[in-house]
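By written order: A, B, C and D. Residues from 1 in each chain.
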Amino acid sequence: MPYDDLLADIAADMRTVTDRGRVADYIPSLGSVDPARFGIALCTADGSCHVAGDADLPFSIQSISKVFALTLALGKVGDALWSRVGREPSGSAFNSIVQLEREEGIPRNPFINAGALVCTDVHLAGHSPREAIGEILRFVRGLADDNDIVVDETVARSEQEQGFRNAALANYIRSFGNLQQPVDAVLGTYFHQCAIAMSCRQLALAGRYLMLGGRSPGAGRIVTPQRARRINAIMLTCGHYDASGDFAFRVGLPGKSGVGGGILAVAPGRGSIAVWSPGLNAQGNSQLGTLALERVSAALGWSIFDPVTA
Amino acid sequence: MPYDDLLADIAADMRTVTDRGRVADYIPSLGSVDPARFGIALCTADGSCHVAGDADLPFSIQSISKVFALTLALGKVGDALWSRVGREPSGSAFNSIVQLEREEGIPRNPFINAGALVCTDVHLAGHSPREAIGEILRFVRGLADDNDIVVDETVARSEQEQGFRNAALANYIRSFGNLQQPVDAVLGTYFHQCAIAMSCRQLALAGRYLMLGGRSPGAGRIVTPQRARRINAIMLTCGHYDASGDFAFRVGLPGKSGVGGGILAVAPGRGSIAVWSPGLNAQGNSQLGTLALERVSAALGWSIFDPVTA
Amino acid sequence: MPYDDLLADIAADMRTVTDRGRVADYIPSLGSVDPARFGIALCTADGSCHVAGDADLPFSIQSISKVFALTLALGKVGDALWSRVGREPSGSAFNSIVQLEREEGIPRNPFINAGALVCTDVHLAGHSPREAIGEILRFVRGLADDNDIVVDETVARSEQEQGFRNAALANYIRSFGNLQQPVDAVLGTYFHQCAIAMSCRQLALAGRYLMLGGRSPGAGRIVTPQRARRINAIMLTCGHYDASGDFAFRVGLPGKSGVGGGILAVAPGRGSIAVWSPGLNAQGNSQLGTLALERVSAALGWSIFDPVTA
Amino acid sequence: MPYDDLLADIAADMRTVTDRGRVADYIPSLGSVDPARFGIALCTADGSCHVAGDADLPFSIQSISKVFALTLALGKVGDALWSRVGREPSGSAFNSIVQLEREEGIPRNPFINAGALVCTDVHLAGHSPREAIGEILRFVRGLADDNDIVVDETVARSEQEQGFRNAALANYIRSFGNLQQPVDAVLGTYFHQCAIAMSCRQLALAGRYLMLGGRSPGAGRIVTPQRARRINAIMLTCGHYDASGDFAFRVGLPGKSGVGGGILAVAPGRGSIAVWSPGLNAQGNSQLGTLALERVSAALGWSIFDPVTA
């Protein structure tokens, strides 16, 4: 089946699902998003791009930004990053602080909040928060080849006002000496990076470097093939918090979810896929987004756990 | 480079490594194994088999048996198994009991000891321990097409005598009602299954069904393609305890390690690889085995996180 | 008010309480106890004994036996015991296994199950389980000056059949080398010791040595004054599992509760008090028993946190 | 032996001890305190006051201030406080955040940092931080009948600069809605309250209301007898973090320690005792202070676990 038909089919089916999960409502600008929304976009290795549903509506990428923050942090300090953040699944929720106490301020991986804060701290070194946010934005715009991507300032402000849990994490990590920039600067940068708004199409475009061994069609080499592979590995084992195992089991693709309802998934050598549906499942991942990716992966035989059939 | 040369190169290099990790010594029959041993075997999708080093010496497969036990348990009760054991990385050591308390007797995944005990319990239903062990043995022999595979009774007996931690786990799970057979029968079967002795060659042969979408060359269809894919996914996220993320990061293949120093790794559609070197790293996985698999995966471009290049 | 009137008043009031907690029903012989039962007995320092309600009905003392087991273990190995068991409140439930993992098999205190198993192990050294049980029974009979105290064999058998959680604890401790006798012997002795049946009167009599600086009216010196004081201290901080703080706050006396609904409380230099009411509160301590002791302590001004008014 | 001789003896002995523990050095103004210091003061129920050693040198009372903050918070909201903070020993270190995650922002007791922050939040309601600090200071001055007691602003400022762990706790509690005032105001007040400097003499005087059933000789009724008794109970079970059991076992008196090396201990109806020696043991409590109180308690027979001998 051609990609367009597959995506259209999935979008049509998703429109009829009644159990759509629960929209995050810890801040008003997320809580007011229409749960009926569903979008999907797929960019293939040969350069085509396919969309269905609300694929051109921007949404808050939230934790999906952790993929870009990790990429930038690795670009800045290379593998030295791994002395400050682990790469193991955490076995616990996205904002858990328990593991940090036992492991003395070293977050388990860069895709839980604690680990992402360390990446932001690395990225921030030598910059003002404003510059750091500008750099992330330029990076993402370059990857997506689209200068219209912006930070949703209302979301950023709300995050900041409600961000006590992240403030706790940042102060806690700082108490172990594993943040080097001022806590407020790290938090401010982090909240803005999470508040970047992108559409499925923009996100799928931005994710192409992970499918293509580190090279982005528009922007050139972003990371080495080895680093692209490794980021994919971390997305697979850690990209969905304490539901990462289930996502691997059902979808079989590296992926990173965000509380705004988006998921970016990567089929190495084949496709970069972005889905969006604001309702979340119990683990805080997009309910229909996961379902849709399961469909895509099965229909195209793209699970990385299936025998290769290039 | 031809497979034979690659394996020979790796085996030669491994011979010279001085930091070989620490041989498990909690029972004498494991502790007396020569740390200088190293073997590797690779069976390809097109049916060839390649070996180097001590690839024909049998060793105690230990936790690698959990892959076979999971396959048998799924064969017996299907996806109903997942109400009794999870499929998430545990974020903790192989024999941790902490997670069980919080999650009320449901082990995180089938590849930690607690989860493997539940698989054994499932497999045991309606059988005597002797029959159950016989069935596992026949299963493995069929997969490897080799009737010489046996249980090392000395190892099994020692495990039983020293198995207080596993007895604790089994009783604990039983206290939540998540074991249905007598605790002693489950433990007895489990200790024997862990004490199966296999060579790298036998193990690589036995693992072929996971590379080939569920079909074993000699034994026919073992599991459906979907199930093979899913077992691979669990091996990737949970196969190396609290070093699973690191193994995915470095090697990029589904794999399962055992405290005897063996690792079985699967490159879907490409190869089934078994390595053995008795020295373990800090997380209890074969130190040289991991290194060797990293070499194989990089040399052949077989990481599942690399772009497909069939 | 004379003691008899006070106790009669309390017993009368307790008869009318409707929210009596929940009778433990994990074994049938406990579950079948009439929740309407309430008994209380008070032995004073000057040798008088006062009772009300069902004070002469025997009940299963369960964890109250841990006080006697600790006394015997200290008698056997002295302060060397403290290298094998701590004396800190655990902050967790009576049968938690989590703490044991982090603290490598050293139970937090002798009044959680894990710690009591270590005391039983100490007491068992050089004896058969039968002898050890006989010794505990003789000890308790001597303290209470009553040879009619027996083990309820039905309870002991049921405990053994359902004792998976305790078997888990014992095996777990054993795996760290902190049990020296065979696991089954320790468990068997432990289950029998918990199954001792005593009336409130017998229990209050048995507890007199703790109120009298270590000397029991009938049996002579049991422990030194320092040891009596220290056992009292542990009863205060650890005697009610994760409700020990609340018991100290409300009652203000060293006390030890059992899942059979009994509590033994000690007012040093003043009284030994036993209450029994089978319904338990959420933390597993007798609901009316706690209430009754709060009344006694307040009425007599016996809280150890009140200014001394001898 | 007269009190003066006893204290002089102890002070003399303490001067010769070589293993004095480790002075807290997380802020310079604490780290620079001379480890040779030792002071002790004892106020008796009949109104006399006895001192030895450096009993008139002011030191940073730190966590001992939690006793006064609890008293003030109870004065403000009464037993409603107990819906926001527990009264159970925590079983963990003074600044642990783990328990807070599991128990959703309700600190275990008012004597760990998290619980003290809640007390400060209660006390702060309707005040500016400056007013709240003023009120605490006036309260303590009244209790000690000494207007020279001040906040050490250097310590307060250093605490604030290094207070990442407390900032983490405060933000974390706030994320569960269990702080109502601005996080920064709570922290500012808390750091100043901890930075109050008092001598042993002043501290022993201030603690008299807890020995005297709630009435302070100079200041009149502070709390009801019931509340005094209950504060004593919490000091006994929770006053020394995860060494509270050991302090009860060895000393047998309600007490509260501070990282500045001070301990306030209460013998109800008999004495209020303050000791100071800056070196801390592994659990963060004054090493010589604990030793000295063990001596006092044993010499005077004041343990609350000993038979009453008024």
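Just so we're on the same page, a contact is a pair of C-beta atoms (placed from the backbone, for glycine too) under 8 Å apart; a residue touches a chain by one contact, two chains touch by 3 or more.
Just so it is clear, the model here is predicted, and its values are computed rather than measured.
A.B. asks: Chains shared as neighbours by chain A and chain D?
C.D. replies: none
A.B. asks: For chain A, which other chain has the most distant CA centre?
C.D. replies: If we average the C-alpha coordinates per chain, C ends up farthest from chain A.
A.B. asks: I'd like the Å distance between the centres of chain A and chain B, where a centre is the mean of that chain's Cα atoms.
C.D. replies: Their C-alpha centroids are separated by 32 Å.
A.B. asks: Using mean CA coordinates as chain centres, what's the chain B-chain D distance in Å?
C.D. replies: Roughly 55 Å separates the two chain centres.
A.B. asks: Listing for chain C: what residues touch at least two other chains?
C.D. replies: none
A.B. asks: Counting only chain pairs that touch, give me the topology of the graph as line, ring, star, complete or other.
C.D. replies: ring
A.B. asks: Provide the residue numbers of chain C that touch chain B in the complex, in ascending order.
C.D. replies: Within the complex, chain C touches chain B at residues 96-98, 100-102, 164-165, 167-172, 174-175, 183.
A.B. asks: Quick check on the complex: what are the chain A residues that touch chain B?
C.D. replies: Residue list for chain A touching chain B: 45, 86-92, 99, 108-109, 211-213, 225, 228-230, 232-234, 236-238, 242-246, 248-249, 252, 254, 268-270, 303-310.
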